[in-house]
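The same subunit A turns up in both complexes below, where it pairs with subunit B and then with subunit C.
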Partner chain A sequence: MTRAEAPALTYAFAVCRGGDLTASAEPLAELPGFGTGTPVRTLAAGPLTAVVQDVPAAGFGEEALRRRLSDRAELERCARAHHAVITAVSALAPAVPLPLATVYLDDGRVREALGERETSLLTALDRIAGRAEWGVKVYAPTGPPPAPEAAPGDGPGSGRAYLDRVRTRQRGREQRHTLALRAAERVDAVARGLAVAARRLRPHGVEVTGKHRTHVLNAAYLLDLGRERELRAALASLRRDETDVQIELSGPWVPYSFADGGLVDDGAAP
Partner chain B sequence: MTGPTRETTPARALWEATPADTARKEAPAWGTTPAEALGPLGVPLVDLLDRVLATGVVITGDLVIAIAEVPLVRLSLHALLSSVNERVQSPWTDSGPL
Partner chain C sequence: MTERDLLHPPSVTDERHPSDLAEILERVLDKGIVIAGDIKIDLLDIELLTIRLRLFISSVDTARRAGIDWWETDPALSSRAARDSLAQENAELRERLHALESRVGAEELSPVGAAGEEERP
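Moving on to the complex of A and B:
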């Protein structure tokens, strides 16, 4: 593959332990990555190996990236392309995923960056090896509006009745919220019990969930491979018990949420 | 594919089998429009963004630093997903007008 004439940047997807990847890296060359026509390749840096791709500065420079990632369709395309490479790498060797749009000026800068963080990257690789991330989300249905106890046409003098209705509705809503939060804590406790690490992500807002439900728990758990069956069983049991909430599971994910420690919550504190 | 019960898929098997194939299928050709089968903000996309963007940054690229002190994430998501944004203090955003 000839190098493009245009100035290229180095886009970094993931970091592996050097020895883990060198033997089996051929499948990576088949990956489209960002579809820039250059192969996804490995880049050795001491005991580590980065998985990178040359990308044109014109499309991945500061301005271009900013524009691109501000466009929803482009953001999705980037995120999926990024994720696809990371998923493929992870199938070959334990890999620390790097955040979307991690771009370096050249290979040398990648090596420097890896060198600076060698210890923490090696620690992260140890932590995620043989493990996968699972996402658990808990939603509280916002429920139907309280029954129309006061039918329309109350006529004059219904101001007080109206206020009562408002208060009752408000109280009901608060109660449901409290119940849902408690249920979410119970779900979290059970999942944590099975995990080697847990992390709270920010719950999604109404723009994502829709008005019919509220996101009360967005958590990620790092599980030893093979324990997902237990997690599924535990969630199935929780679904039977916790009728106030909806519980969703996603995974296995490459341990994105545990690449940097993952032992501390950084999302919504309860 | 979409929907709340994505745990039925033998995702693990898929993940482990022929990574290049899987990845090729998942990665749309650059510049083409991917099938928008997941809705305006498909749930799986949101889950993915939670991870590829909000993930703890182990390492920072030159350009990410150059763009702003805040990760690129914030810039783009600010416009797109106020969902994963610090402004959303409370998960209870539904207490709108009565």
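Moving on to the complex of A and C:
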């Protein structure tokens, strides 16, 4: 072993169809990957090719990985490194992204794992080829509601007026929330109409959205390449109509949310 | 804010809005075809779970109030599923500890047998 004294593990980023990548894999070697000093490389396994990197067992063993992924900054670094390689691979060929921290003892184990899932990986590659994932997020602003008009005859200090104000405020909040959820369902229905598959993701917490808004829809759509123009136009029109909510679009993403075969979920909530 | 999307089509490599990290995390943590690696990371690991709970919607109650519940079946974010799985793991560990203790006890009359517990199988 000349590279390093420490034993190495094989970290797998993504899987492509063999022929798609071999001719064009050179740019991968330029990628830092996890910055371990070893090149990001391809690993042939039958009709498939995995994109992998040798990583030190000291940093990527079970215990070490758990520690690293439990640290917010380190989790971010790992997630971005993983995502950067997958994005680069996907620019060269259709690629099925593997989850963060998919680590094998050696190259042979990668080949075995790919061999076991060969059919479903090939199916997944067919499904995502020529398509991209787009994220649509809908937010409801949580600003203060319009001040309720004081009821005539009640002084500002009266207990009854106070209770009325509290009740009105509460009702207003609920109403606005219901409106926002309905708007989100309409946005989802329009985006779904353009997509070959759709999936709901978890809404983001306040740490991500900020206190001024609530996340009411976090969805991913698998679109044929070239249809994003229609999606943008549809969202622009929705933004004009749905004034109760903010609508955001992100993408194109490597089709992470559509790699595992789960296609359309069970439809919009009532 | 949102019109930015129309003026500058975002690309995945761009540093974009603050939810960028959350968007990457929700995709790389539990998306992608599931082929098991040799190294198993428990995404229920308590620190990671805490990070995820902060980044994603914080509690079942909050979500229910918001009318949002389609993610509840995800064990990594449903507190009840997490509790259940911890309780199960706990029960299994107790069982194994008990088995080890009785074996150690039978061999050398030391019912606690804690000294050997450092080595994990």
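Just so we're on the same page, the second predicted complex is superposed on the first by the 246 of 270 C-alpha atoms of A that agree within 3 Å, B and C clash if a C-alpha of one lies under 4 Å from a C-alpha of the other, contacts with A are read in each partner's own complex, and residues count from 1 in each chain.
The rule we apply is simple: a contact is a pair of C-beta atoms (placed from the backbone, for glycine too) under 8 Å apart; a residue touches a chain by one contact, two chains touch by 3 or more.
Keep in mind that what you see is a predicted model, and the values were worked out from it rather than measured.
Quick one: on subunit A, after the overlay, do subunit B and subunit C clash, or do they fit? Just give me the call.
Clash - subunit B and subunit C, as placed by superposing on subunit A, overlap.
Give one of first, second, both or neither to describe whether A:Pro203 is in contact with subunit B, with subunit C, with both, or with none.
Both partners.
Give one of first, second, both or neither to describe whether A:Glu30 is in contact with subunit B, with subunit C, with both, or with none.
A:Glu30 contacts subunit B only, not subunit C.
For A:Ser158, using the defined touch cut-off, is the partner it touches subunit B, subunit C, both, or neither? Pick first, second, both or neither.
Neither partner.
Would you check which partner chain A:Arg239 touches, where first means subunit B only, second means subunit C only, and both and neither mean what they say?
In the superposition, A:Arg239 touches subunit C alone.
With the two structures laid over each other on chain A, which partner does A:Leu105 touch: subunit B (first), subunit C (second), both, or neither?
A:Leu105 contacts both subunit B and subunit C.
Contacts for A:Gly61 in the overlay, against subunit B (first) and subunit C (second): which applies, first, second, both or neither?
both
Figure out whether A:Thr42 sits in contact with subunit B (first) or subunit C (second), or with both, or with neither.
neither
Take the contacts of subunit A with subunit B and those with subunit C, and give the residues found in both.
9, 12, 15, 60-62, 65-66, 69-70, 72, 75-76, 79-80, 82-84, 87, 96-105, 109, 113-114, 117, 120-121, 124, 135, 177, 201-209, 214-216, 218, 228, 232, 246, 248-253, 256-257, 259-261
Would you tell me which residues of subunit B are touching subunit A in their complex?
Contacts found on subunit B: 4-7, 11-12, 15-16, 19-20, 22-24, 26-31, 33-34, 41, 43-64, 66-67, 71-73, 75-76, 79-86, 88, 91-95, 98.
In the complex, go through subunit A and note every residue touching subunit B.
Residue list for subunit A touching subunit B: 9, 12, 15, 27-28, 30-36, 60-62, 65-66, 69-70, 72-73, 75-77, 79-85, 87-92, 96-105, 109, 113-114, 117, 120-121, 124, 132-133, 135, 142, 166, 169-170, 173, 177, 201-209, 211, 214-216, 218, 220, 228, 232, 246, 248-253, 256-262, 266, 268.
Can you list the residues on subunit A that touch subunit C in the complex?
Residue positions touching the partner: 9, 12, 15, 60-62, 65-66, 69-72, 75-76, 79-80, 82-84, 86-87, 96-105, 109, 113-114, 116-117, 120-121, 124, 135, 137, 177-178, 181, 200-210, 214-216, 218, 228, 232, 235-236, 239, 246-254, 256-257, 259-261, 265, 269.
Please name which positions on subunit C make contact with subunit A in the complex.
1-2, 5-6, 9-13, 16-19, 21-42, 45-48, 51, 53-58, 63, 66-68, 70-71, 74, 77
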